[in-house]
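Handing you a structure now.
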């Protein structure tokens, strides 16, 4: 099951990257400091906040003039992915997914992005295993790269793209589990496998909840209704939209396959039952008549001529063998054995 | 199952709150009195009516110039959540839900709201456990608070928000019951659990009926088609819309999970049957041949050489043990034991 | 199952009501007479025709200038509810439902309405148990009532409203049957109950067919695209629309509940089978080993030392009791008994 | 299953009807001759081609200036019902259905219609059992009839109407088979009935495929986007549209009912199994203890005091009867017998 | 299951066709060479690239001014079918399907098409079994053919048409497998057949994924929003659209039929179980009472008058035959035998 990570974060870690094609500056701040609004500078400023500490977020919200509801939403970890246009900035909520190998579960974490004219704010819950690191690296090292040339909109695209890319990793893991369970299903359809299929199914329900609203979010960005998204960046968002559709397709396909697995499970249960019943029926059908014959010649009537005859015993044996043979023939004709 | 509370209300209780940023006035009235239409005053007037007494409602309707159909609808407790725009006032119907812990049921109650230019009328069925109390408290005590600064539209938002918030409480209770039943399902899948799952399923059907139309209601308010909803308030209604979508998402997810539980139930029934059948088959398959052997040597033929032989009895025992052993081997190879 | 009543109607009964706020006139006509087109008079004329006699309908159609296809449609009893706008008149088809208590079935009857600028034509199949009677009464007796003040559009609304109201009665009956069947399902899930559930399900399929298209019909009227529906009447049609949505909601909810009942039925069948199998398995598992012990000491070998021993018989009994006890313990541990 | 009739047609049969309100001309042509384009004459020309001979169709296509893709589509018998607007002519594809009583199957045949300003071309696969005959008859005999007065658009309506009418006949046959199978289902639910239900289900899948696209086709004609459909004819196409919706409704209802029948089948299978199991369990539960008692007193221990007692045998009988009686009581209490 | 062919392609093979109605030129190039952009020439240039070698594709992308994301997408083989309009060129992704007879699987391969004003680029994964060969042949040999007369848009249509046509071949193969499995299902419903049905079902899920997005792609081309698609070519794309709808229809129908097959499988399992249970019950019910009779007269009580009687033994036989006969009668009345 998806679990939202709810650690009480002791302190927030703020990283400020300020760059244009030529310049690059980076500052870190363990303690909370008020970031100066970079509105009038020509560079792009990316302020990343790790750890959702209320005070920090509120201060930043104030200094960037965010609506109180946005600050509230950043701190509330149960948001649905959504896009809100406040005119001079966009507020974007996403879900970052990671596969917890130990618990065999998908963990989900909320990421909030604010896109202004020349700045980007990003808020994350957790500190480690950051999917944004490659982007930071690209900004730091590649001077004339696309990300350094283009504006804040492209930075937001890059951040969202790295999140959507991580979904594909999750889907691969899910695919592997499906394949593993399908093999198990054929080899030994135990109740454990059934439980695992159902767990997988519940995860897909939750995964779907994270992914479906994303479609609308990115479609909103791609349509270019906000002037904060330049025409050049729209092509990239359109590309991201296609990726999202692919993720949704995969989730739906997995759901279909998992439903099919449940049906196989029930069918193979039914098959097994049939087999068990056949064994029982064959045994009972063969031995009951034989037992009757033995029972008849175990009766104590005084006048039973067969008992006295010297050929009585062998004939009884013969009768039993013939009856058993006929029964076996009958079952072979019915294709039970 | 959802039950609409249909007490015959002896008398209605009217509470009038009249406030702006600076002033605040509160009046209560156990007996029915005609509230003066507050149209020309600059303050916001909130008239809350507890108990749907026909005469009271009709009098208020008359003095506020409500359409006769609105008065009818307020008194009829089986309305669907809806929004109707009558030009100079909006009529909103909502369902307030509360969890009846004793009956393990969700109780539903109808709330009608009328939003005029500077007044709000609210009509409720029941008197106790009011979710509006915190709002009243905020108006009373916090002089320069947002609710005191903003208009009647924000007051309606606050009332609706407190109702939608109460849905989350219900959903948490439902979530707890689902978890409890899932554990029961694994521990002992009795018919009682099946009944409980079905009860839950019916409740979700009814809950869905209360929540789905809400989406349209709030979306109607948020789109700002009525001039009674100011631009500033629209952001809040948009936020409320997101909450409603989250509630709907949760209801749908719960429905999916409950369907899955029914499938687990049936699968585990099938598993159990299989197990029972295996025990029967193993027992029958082992004991029937042995009984036949015993039966054969219980026959009373005069000429049965084995009976006279001193090693006859031990050999019979040996034969029985060998047959039983072979059967057990066969079942082990089939992985039944 | 829904059955359309197809009596060969001997003669049609025409009732003409002509009224405005002050005046009121009523004429009945057992024999067919040509009603004079009331177009130029300021009063509202309601001509109700009971019994779909082709000649009568055709004559009326001619004198009111109805399109030949409309006349055809009035006489054809298998129309779907629909609304057609012919410019100077609207053609509306509805289904009137009544519960046949004897057959425990829903009977359906077609009603056609023609709304002109100041006249209404209504065509019904049957003569008795008319839901339009209260409206007639209201027109006759209440001089300054709303229906007398407003125009032909309000009359059509009143007629449609009385039909939609009758659906609620049907739904209540259906609700009662569902509750009865649910109790039966718990008490004794016989094949009869299964049959009753399936009958109910088929009725819901047909009921749905009568109700769903109604939504579109009334939504067409409510949107006010025709100038025959005045602005004042639109509010009433909007109200009717809400009622229709409520009916549809109820039908869908009933369908969901009925599906759930089928699942309960199958689950309880499965439960019962499990119980039966357990009884069989317990009996067989206890008695088969005992029978084998008895069989062994019924063998006729000459040298069986146990048979000669004085403690042989009691020991055999003891062995049997111990085996039976162990088996019972095993079943208790498995929670079968 | 639906089978498209694919005879290699030896030769095509061309029938030309040329008429207006006053005049009427009819020509038949077994051999292929080039029909003169009737564009400049004021009469309506209907050229009907029976048998899809490529050369004939191509020649006609050329002389009427049809697009090569249209000629291809007429000859290809696996088209979906569709409407294509080529400006000065409309191309319509329909499916004609007929019930093959011998094979108990629905046979499907493609009909292509071309509507020009004053001509109609119709192409059919088969020659016999033509549903167009009544229309021909009406044109021939009724001088001042509606079909003679109105234009080519009304002729196309008439042709399509006769095809849609034939669907109702098919649906009646399907209805009869459903009723027959429902009775069989109650009387004796054999695998043959199951097979018949599944065959019916597959036919409904195919029927649906023929009928659903028709909705779009006729809706396209009714909306009056092409100037080839006059305003007067639109009313008729709207009427045809309603018929199509009715057909679709019936198909969907039948599908629902057939699904329900499968559920009844499975439920009654489960019922039967339950009954069989009960018989087995009752028999085993009664006779196993009795057999044990008999077995015990068949043991050959020397010291068995009961055997010597004169009341031993009657007591044994009594014991057996008491055990049997108790078992029967137990089953009666469980309501199994 | 659909498998995307992921060979590491050693080298790409480039084929350049340059033609108009009169001229025709063809060049092949095993080694990578930079194709000169044919923008200013009046002829149509078709450059086909077999084998997705990154360097080759990148070079071509550069020289034709393709967006970097397009080059990326061409090389990424997991694209969904899509259409992207970059103003002066269209980017189209398709899936080419082929049936792998050995593995009884559908293999899928990505095809990318770029349509410029007078050139077409096509990129394929594999080299052999090319469905484009007939088109090449037509361009080479038929001087005044439609393909030589019309522009680059018609060439793209031809390429897409040949791909969609290949889908019909796949669907026929699927149809054959369905028919084969349906016969197997009736003849012997083994778990192997169940597995085959499920494999088929999974293939249909994947096939659907390839086909559904195609609808949108071709609908986008057909609507003529891009000026790169001439009016004349639009008719052809509309035709292609109809074919795509037909493919989708077939896929959906197959899915429905496959679901039905699973139901038949489960029903016939249930039937078989019933039959097995009946055999068991009949045998047990007949032989248990007989064995009891034999057991009773095998008891060793001293005083059993029947044992001494001369008619005792025949009477016992008679009793057994009567009991057996009554049981058989009972089963015949129950229609079990």
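As written, the chains take the letters A, B, C, D and E, and residue 1 is the first residue of each chain.
In this text, contacts are C-beta pairs under 8 Å (C-beta built on N, C-alpha and C of every residue); 3 or more make two chains touch, one makes a residue touch a chain.
Worth saying up front: this structure is predicted, and the values here are computed from it rather than measured.
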(request) Compare the two sides of the chain B and chain C interface and say whether they are made mostly of the same residue numbers, over half shared, or of different ones. (result) different
(request) Indicate the whole-number Å distance between the mean C-alpha point of chain A and the mean C-alpha point of chain D. (result) 42
(message) Based only on mean CA positions, could you tell me how far chain C sits from chain D in angstrom?
(response) 26
(message) Quick check: how many Å separate the C-alpha centres of chain D and chain E?
(response) 26
(request) Go ahead and note the Å separation of the Cα centroids belonging to chain A and chain C. (result) 42
(request) Give me the residues of chain B that touch two or more other chains. (result) 266, 270, 273, 277, 280, 284, 288, 291, 295, 298-300, 304
(message) Can you tell me, using the touch rule above, whether these chains form a line, ring, star, complete graph or other shape?
(response) ring
(request) Using the touch definition up top, name the residues of chain B that touch chain C in the complex. (result) 67, 69, 73, 78-80, 82, 84, 86, 188, 191, 194-195, 198, 201-202, 205-206, 209, 262, 265-266, 269-270, 272-273, 276-277, 279-280, 283-284, 287-288, 290-291, 294-295, 297-300, 304, 306-308, 310, 312-313, 316, 320
(request) Would you mind writing out the residues of chain A in touch with chain E in their complex? (result) 186, 235-236, 238-239, 242, 245-246, 249, 253, 256-257, 260, 263-264, 266-268, 270-271, 273-274, 277-278, 280-281, 284-285, 288-289, 291-292, 295-296, 298-304, 335-336
